[in-house]
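Both of the next two complexes hold chain A, though its partner changes from chain B to chain C.
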Partner chain A sequence: MTISTAPAPLAAEAPVTAAPPRGNRLGSWLIFVMVALYFLVPLAATFYWSLRAEKGVLSFEAYRRLFADTNFLPAFTESIVNAVIAIFLSLLIIVPTAYWVTLRLPWLRPVVEFISLLPFVVPAVVLVFALIRLYSRPPLLLTATYGSSRVVLVCAYAALSFPYMFRSVDNGLRAMDVRSLTEAAQGLGANWATILVEVIFPNLRVALLSGALLTFAIVIGELTIALFMAQHTLGPYMANLTRAKVYEPSAMAVVAFAITWAAMGMIAYISRERKGT
Partner chain B sequence: MGGAKRPPQSGLGQWFGVLPFFVFSGLFLIAPTLVLAYRSFESLEGGLTLTNYRELTTELVLGAYGMSIRISLTTALLGGLIGFFLAWAVSLGGLPRPFRSITTTFSGVASNFAGVPLAAAFIFTLGRVGLVTALFKLLGLDLYAEGFSLYSYLGLTLVYLYFQIPLMVLVILPALDGLKRDWREAAENLGATPGQYWRHVALPVLLPSILGTMILLFGNSFGAHATAYALTGGMFNLATLLIGQQISGDVLHNPGLGYAVAMGMVIIMGLSILIYSILQRRSERWLG
Partner chain C sequence: MSGGFLSLEGVRKEFGGTVAVDTFNLEVAAGEFVSFLGPSGCGKTTTLRMVAGFEPPSSGTIRLAGKDVTFAKPNERNIGMVFQSYALFPNMTVGRNVGFGLKVRGRPKDEIASRVREMLELIQMQHLEKRYPYQLSGGQQQRVALARALAIRPQVLLLDEPLSALDAKIRVELRSEIRRIQRELQITTVYVTHDQEEALSISDRIVVMSAGRMEQVGAPFEIYNYPKSAFVASFVGTLNQLRCQVVDPAGGKLSLEGQTLLSNSPVSAAAGQQVLAMLRPEELHFGAADGENRLDGEVLSVVFLGGVVRVQVGIGSSVLTLDALNERRLKLPKVGDRQTVSFPPHACWVMAGI
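Showing the complex of A and B:
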């Protein structure tokens, strides 16, 4: 898989520096404009194509056709459901783990960090065949039906989100005083479940949302695992569309870009919001 | 931790919070990978063998690894350099403030834009009927007649840079922020020119970060599958695509070899992540 990064934790304000000499600034503009061109031209070209489905006029016909395609909405819905379940699964696993590692088992931290980074070491294309090999034969016939394959797919997505989720939650925990909060809550008679749900979760809101949105952006159009597990999700649908149609793929790429932009924009927004308070 | 009540101290209770993590990772990350490693020693007829690993040196496999390595090296170097200069431009280079947040937010988007939509966007730009291809034709330059193809080393490199540059920007910006103003002032007070400051102070401090991130970019490109698949339909000799062709393909069907190629990939990815984290830790000494 490709490594993704949320802009949020890195969008911190730059330290104030003295204004650099004029020559530098000219160079900066030059670099910025050239790189911007490289990044914007493909988007502009794709958008232009997406408006040309009707001969002679610019129209949103390609988008209409895309949304009218009977396979599109089911694939889209299925991907959204998969993403949401994977996010909740990942949160349910990572939050207690990060909390426990911070508070009770600090010596386990390197082990947990290492394991959470495994999705970078085992690329999706390797992981999917590993999962198929393990779960496609007796006694574990998990890939026998579409539904049970889907369970494996969602679990794989949750695992893929571990590097991002763990880092996000861990950063969030470091930013607050977990120990004092826990002790205070215990002093008031709260049990562990209550502490996690009523004290830790609310304080981690920004971290959890960032991790969730990033996971969503990664999982929603995921191709590799879904493809080899023969799932009818958005990724394989888009890959087929790219091969089969002329104008619809451009509309689809624009929609996909908008979704990614929305997810990343929300991450940037909530982290800035937080900093303001 | 003071006199507060603690969760159960002994036995399983101690592990209660981390148990789901280990069970889940075991089931969906570790066990599958170990099984794959084991199966990579299995021959087509069953029984253990080293044949699969011997076949890694055949022309087909070496070609696939070679192409993957070439593309990864090029995009790591180019992506690293361009990303570094862009990060420098928006942080220290004197561009107005908003450019920095635009760049980081856009980088977050672009680094997540990999896969089918990215491939599609480049097909519409530089494919046979792409917009830029058409513009060049108007100017009298037929890119495809000149030997250019989006479905080649050069084409994939151009596409991969779209997620490599943003990753470099996002990872290297904090390192650039870590350069202390005092160092620059100290250097200037001692009579250093900006060039000398960069050569003798800033670059040596940044170098582990830059190298580490470039190695991360190498792994990032090496393991990329979706973008290449969407672009070429899986019909290109690239390590990630070869795995799919060998394990699930109809033409070249040899799962054992596919598993061996996959394990080779895991080793290369593991090494690049390892070197990245070592270098990153080193740079934290100065830039932490």
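Showing the complex of A and C:
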């Protein structure tokens, strides 16, 4: 053992944080206000426009007409169902993959990350043409009927969700000591199914919900793929609405925005709840 | 050698071309507490993981109660393991964590509840059964991890640096508790640590490891006082290693910087050759004593450590470290003082081949 004669380190000093100069603070506020305006002005304008359906008064008439439209609810419902199925499909593919990569194949992580990012690289219009080309002839003729096209659409949505889902799940797995938890459970006699269901999934709750809600937010208003696959979902419905009506598209945009923000708010709330527990 | 409750015969582990553990042979008796001690990367945790079933050995055999478990899955071995990071399931309460092993074994609910209570009593945490891991301190979490590992009535308990993440005071308390529980349950235990004090204080036997090899196996007293290699001597405890010249091998006479010293240990080197004379700091004292070796030198530093005062004395180009037991009337030497250091010939042992 070597005996060090070096002086003992001094106790860590508390970080000294000086208040920023007045000019800096003003600059920060200015940037904040500009960014806020950049986001809020179009939103406020859209909302204001959506209230002007009746001449001379501000009312929710556009919203009433929107919800009264017989095509709205089926399109909305279909989008929700598609989103839910896409979420489950994505979870089924991503969770075991991310778990196994974390546990046994960490060297494969860059490859899986790259694959999960492909939907960002390939534009939706390219993706949909590739899908149509691949699945519109035997032996994989899946675009012949509305139902089979919907299967392709949902699979495409699952693929679109990979970047968000993989990142959420991967972050969740990194936040816990997956290897030790798995080994502890194994040592206590648990098999793989028990480990996944009783140990891994419950501790990934927030990550899974984050990934799921982000997927939901993307899928609910998706236009390009749904349009080319001739699906009657919310995206094409909104596009048609924009062409045919004046105030209802604004009302629809506000509703879609509210749904997305509700999803985001739910992620934030659940994350905060989790941190608090 | 055979007949140990846990036996490792010629166990070897390679990662790629790197040998992590080389020909490991050990017999652990039932109820024995054995520690693997060594620096980081010496293969102690890899060996433990092979016993647990998390790493398959490249060659060799592992037997548990006479049964070959070399390639058995971890969940087929009935071994309890405690991890450095506690590895408590964050989504489960203390009670559910402790009962998890029994639940996956399909034991009835009342049996699980009773065993959980028993285990929590053992670690004196009955009142915290409903708490979640994040509501516990590090020491409490590790006690729960211990209770969880013991709840399944394992044949062997494995502990992988369980106290490393805890502060010094809790570490000392918890290691006594681990030993108390181990003695109470008479459970065969293998403990991995890089902390020599921990290993010396808790173990029946210690396996000192270096670079994947077993350097020495023995009781703590034996390891500390009769190290078989320079590595063990220097790794376990503090050691002075003085480069001396052999004057008279038969008489154990050595020369250090022109001063003569005698050793009772056999000197295998020939006269004129260089050897290392080993001395524990606590066997040295200030002042001349009849029949003892005397070395004169200059005090280089004085460090007050509470229970002991550590003084470094320069003897020519060599530095000798001396530990004096602290007492109120102790007169501390000053840096620059000339001092005589004494030690009996039996305190000095010699290692050749340097």
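Rule of thumb we're sticking to: the second predicted complex is superposed on the first by the 259 of 277 C-alpha atoms of A that agree within 3 Å, B and C clash if a C-alpha of one lies under 4 Å from a C-alpha of the other, contacts with A are read in each partner's own complex, and residues count from 1 in each chain.
In this section, contacts are C-beta pairs under 8 Å (C-beta built on N, C-alpha and C of every residue); 3 or more make two chains touch, one makes a residue touch a chain.
If you're wondering where the values come from, they're calculated on a predicted model, not measured in any experiment.
> Per the contact definition in the header, classify A:265: touching chain B only (first), chain C only (second), both, or neither.
first
> State whether A:119 touches chain B only (first), chain C only (second), both chains, or neither.
Only chain B; A:119 stays clear of chain C.
> Touching A:235 in the superposition: chain B (first), chain C (second), both, neither?
Once the two structures are laid over each other on A, A:235 reaches chain B alone.
> Just to be sure I read the superposition right, which of the two partners does A:188 touch: chain B = first, chain C = second, or both, or neither?
A:188 contacts chain C only, not chain B.
> Is chain A touched at more residues by chain B or by chain C?
Tallying touched residues of chain A, the top partner is B.
> Please work out whether A:202 is in contact with chain B alone, chain C alone, both, or neither, and reply first, second, both or neither.
second
> Quick check on the superposed pair: does A:67 touch chain B, chain C, both, or neither? Answer first, second, both or neither.
neither
> Across the two complexes, find the residues of chain A that touch chain B and also touch chain C.
Overlap of chain B and chain C footprints on chain A: residues 1, 3, 5, 183, 186-187.
> Which chain C residues qualify as touching chain A in the complex?
Listed in rising order, the residues are 52-54, 73-75, 77-81, 83, 85, 87-91, 100-101, 104-105, 132, 134, 145, 148-149, 152, 234-235, 237-239, 300-301, 303, 310, 312, 321.
> Given the complex with chain C, which residues does chain A contribute to the contact?
Going by the criterion above, the answer is residues 1, 3, 5, 176-177, 180-181, 183-191, 194, 198-199, 202-203, 205, 277.
> Which part of chain A faces chain B closely enough to touch in the complex?
Within the complex, chain A touches chain B at residues 1-8, 10-12, 14-15, 17-21, 24-25, 27-29, 31-32, 35, 38-39, 41-46, 48-49, 92-94, 96-97, 99-101, 103-105, 108, 112, 115-127, 129-131, 133-135, 152, 155-156, 158-159, 162, 179, 182-183, 186-187, 192, 214, 217-218, 221-224, 227-228, 235, 238-239, 242-243, 249-250, 252-253, 256-257, 260-261, 263-265, 267-268.
> What does chain B use to touch chain A in their complex?
1-2, 4-5, 7, 14, 16-18, 20-22, 24-25, 27-33, 35-36, 39, 82, 85-86, 88-95, 97, 99-101, 103-126, 130-132, 161-163, 165-167, 170-171, 173-174, 177, 181, 194, 216, 219-220, 222-227, 229-230, 233, 240, 243-244, 247-248, 258-259, 262, 265-266, 269-270, 273
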